[in-house]
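In the two complexes below, subunit A is the common chain; its partner is subunit B in one and subunit C in the other.
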Partner chain A sequence: MKSLDPRVNRLPVPGTPGKITPKIPLDQFGSYEVFVQPKEGKPFQHEGIVHAPNLEMAFVLAKEAFTRRFTCVSLYVTDTRDVFVSPLTDADKNAYDMISDEGVKGNDSYEIYHLAKRGKQHVHAGVVTAGSPEEAMWKARQTLNTKQVFNIWAVKTSNIRKTGEGETILWDTLPEKKFRDAADYKGGDKLKEFLERNKS
Partner chain B sequence: MNDQALKELLYKLADDLLILGHRNSEWTGMGPLLEEDIAFSSMAQDKIGQSHALFQLLHQLGEQQPDLVAFTRNANQFHNAVLVELPNGEYDFSLVRHFLFDMADSLRWQMLTNSSYEPLAQLAKKIQGELRYHTLHANTWIKQLGNATEESITRLQGSLSKLMPYALGMFEESPMEAALINDGIFKGEQALQAIWKSKVEEVLSATQLAVPDWKILVPVYGGRRGQHSEHLQPMLDEMSEVFRIDPTTEW
Partner chain C sequence: MYGGGNTFEGIKTDSVAQEDPQKLAAFEARIARGEKIEPTDWMPQLYRKQLIRMIEQHAHSEIIGALPEGTWITRAPGFKRKMSLMAKVQDEVGHGQLLYSAAETLGKSREEMIDDLISGKSKYSNIFNYPTFTWADCCFISWLVDAGAIVNQLANAKGSYGPYCRALDRICAEESFHLKYGHHCVIYLAAGSPKQRAMFQEALNRWWPPMMHFFGPSDKISVHTEVLMKWKVKMGTNDDMRNQFLDMYVPKILELGFTIPDPKLKKNPDTGRWDYTEPDWDEFKRVINGDGPCNKERLEVRRIAEERGKWVREALKTSKTAYVTPLA
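Moving on, here comes the complex of A and B:
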């Protein structure tokens, strides 16, 4: 296939009949879910995702991508593939009503997150002991089901890269970095001053 | 306390951070990944902030205002190591420089938490979190790329051999080194270099990168005495271009 159009050259070459191959893995980084704790005593909340080659790199990159502006005290990340999601509900339906008693029983620790409002972020609700994400959500239905939620997430605690004990100092100087907020530059005030000065 | 020796120490700390902060900020908008671009730019900003804090300490000791000191000196008045002024090449070069410099920088500031010069000890304690992130970032990348592909390993190894003589130049001793050590201001470059070597080896040994043969390396000295490469002056001209238009304006 010879063409001057790069789009043509990017097209996959026609294959050989009868030849079946596995799908080529992604040539790009996987995604990792980022959770931030805004204040001591407040629950962790989901902030977004980062792309990274592994969990540790995801933690390193998430730190500046998600916690360089607003004050926070802790951060953790987990592989998107390790987040288990309940069915999504709407109107006055509770997502917990769609959880039944199934899944492997066991004694691992699972973190549970609730979506309390459509369009908002998932917020950490508590921890349960279970052997599978299914059992974790069933257990959460017994213990954390206090008000209507639209969606539930379950993540095995051991799959999370948490902020280590010595790492809570990472955000020590963040409250002083107000200059990272565009509003702190006070562009309007500077312009007004400039115009005043040039009037006289 | 020997004021001359103290000022010289503060100048070299501040100049290293200002110059490398500026060099690393040249990657802003051009980093290899969005997240890395943000992280590298933030750390460059941290370095400029730390240098500003040091210029303020110098101002309290009778030196000129931080902006004047940062933007109106010529290359031969700068005390930074030549390592930090070298122009950026490809990203592996900046990443390896970041690893070698920030390892030394964080160990230096760890020592300075015990400095007898209280304002410096206070500053050292305050910025431990920033330094912790800088070394976490550098070490994680080196371990990642130092074990990844043939290309990444070859690139890092090439940059390591290029930069190591300059990195050793960071530890050029001051003529007033003894005064600093005797006054308990700073434990000295030799003590710092010894810990730095072992920490660099520790990270490299977790990768497929070769640990340098320290005995055959010849350090590039001179930066601490104002003897710089031809790259520093053009960088300073560019860095201070806006400031020099009107030094009295608040930009």
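Moving on, here comes the complex of A and C:
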């Protein structure tokens, strides 16, 4: 391979061009759901996923993937398998009307997320104490504003990797990174000067 | 970033006829109401298949698109440009990640997609099979290829599949940075020395034909395309997208005193659309089928990265996690 890029020319060439060496099972990492808090006082909302070998790495990768250009004050991640999902409804059907089972009772803390509009993100709605995701949804129905939601997620609080106290400094340096800021690319003056110069 | 003119699979249209008519009607009614389709909703096989293909191609384009620009990070003029370009390239790779996740919600695993990219089974935007000889080529991509991508992405963000639209909203927000950065780079070349101006003019001459290819050949309006438009998978014809791009950017290029290498290019006052020399579609087909200046290199770089990263993935592997389909 001959490239214009000297770094490409220096690359070692393992394996056979055009062929992928067969992979071991589990070569794929696990899936983790990512939630971001856009501003102080605003609720967390679901933003997407990352694949990672563990919860801690998922947190690091989520920070890279979801909080580079935007203001973000906090982040958390949880294993996709730890999210308990209600049926998805539409029209004027409330997802809470599909919850009929009270489930196992207990005293764990559960985070509840609502899909208030189809096509939008799941947004954090509150915390309830319950012994199972079923009970958590059952209780959420009684205590949270559940007027019209299309989907409910329940996650046990202890299964979530939250941003720890002191870790929010992760985002403190963002304002210093001018190259990430659109305001750093104002070409207007330079353009005007160029056009003036061209006229004369 | 990616080009339109997605190569949709030529599925026999009777595959739609095999679907449950009641479910199909409810699905189409939902889209007609302007509601989004979510991963657990019922959807026709054809819809699923074409969306996977489209989102996957888009993801690959972001990943491969990072290569022709990435090669200039170490040689970008000055510290600031290096930092900016590095941040931009990181964004593009990030876009790839968001898009792979959206495609995964439809049931194709990320690993399969990466394998299909490397084996050449999946396509990516043709334009990235061309080389970036100079810094000005890199600036052309940052400004104008990204501009073309934004035209496509803004249209697709109004599509019907929820996870894809949400990913595109995030992506479009970041692309607006890229556009400003790219324009900034080109303004500085335009306002610079005669040598700098000539450098960009040469890049423009090289990249104009692939830029015209970028949006794909004129669509043959078939029953198939109509279905995809009705389902809001395809949001406009390739010619519409190309026209929109020309409308927005030809004036900006001319403003900087550069010449577009197509004597026939002008807006037709009668039709309100642009006339131009018909792009060389034979070349387009030849390059998309593997015979472009950089196809081999692009895929080799990806493949080598995959091979070299293998020991890391193996070292980190644990049976405590499992790959599952993302939720939304």
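Everything that follows uses one rule, which is that the second predicted complex is superposed on the first by the 145 of 200 C-alpha atoms of A that agree within 3 Å, B and C clash if a C-alpha of one lies under 4 Å from a C-alpha of the other, contacts with A are read in each partner's own complex, and residues count from 1 in each chain.
Keep this in mind: a residue touches a chain if its C-beta (ideal position, glycine included) is under 8 Å from a C-beta of that chain, and two chains touch if they have at least 3 such contacts.
Just so it is clear, the structure is predicted and the values come from calculations on it, not from any experiment.
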After superposition on the shared chain, which partner residues are touched by A:Trp171: those of subunit B (first), subunit C (second), both, or neither?
first
Considering only touches as defined above, state whether A:Ala65 meets subunit B (first), subunit C (second), both or neither.
both
On the A-aligned overlay, A:Glu56 touches which partner chain: subunit B = first, subunit C = second, or both, or neither?
first
If you stack the two complexes on chain A, which partner ends up touching A:Gly30: first (subunit B), second (subunit C), both, or neither?
second
According to the contact criterion defined above, which of subunit B and subunit C contacts more residues of subunit A?
C
Once the shared chain is lined up, is A:Gln121 touching subunit B (first), subunit C (second), both, or neither of them?
second
Footprint intersection on subunit A (subunit B / subunit C) at 29, 50-54, 57, 64-65, 68, 177, 180, 190
Quick one: in the complex, what on subunit B touches subunit A?
33-36, 38-39, 42-43, 45-46, 49, 126-130, 132-133, 136-137, 140-141, 144, 148, 250
Subunit C partner, complex, touching residues on subunit A are 1, 3-5, 7-8, 11-15, 17-21, 23-24, 26-31, 33, 46-54, 57, 64-65, 68-70, 79-81, 83, 85, 88, 90, 118-122, 151, 153, 177, 179-180, 182, 184-187, 190-191, 193-195, 197-198
Interfacial residue positions of subunit A with respect to subunit B in the complex:
29, 50-54, 56-57, 60-65, 68, 166-167, 169-173, 177, 180, 190
Interface residues, subunit C side, partner subunit A - complex:
30, 35-36, 38, 40-41, 71, 74, 80, 83-84, 87, 90-91, 94, 97-98, 101, 104, 109-111, 115, 118-120, 131-133, 162, 165-167, 170, 173-174, 176-177, 180-181, 183-184, 187-188, 190-191, 255-257, 296-297, 299-301, 303-304, 306-308, 310, 313-314, 316-328
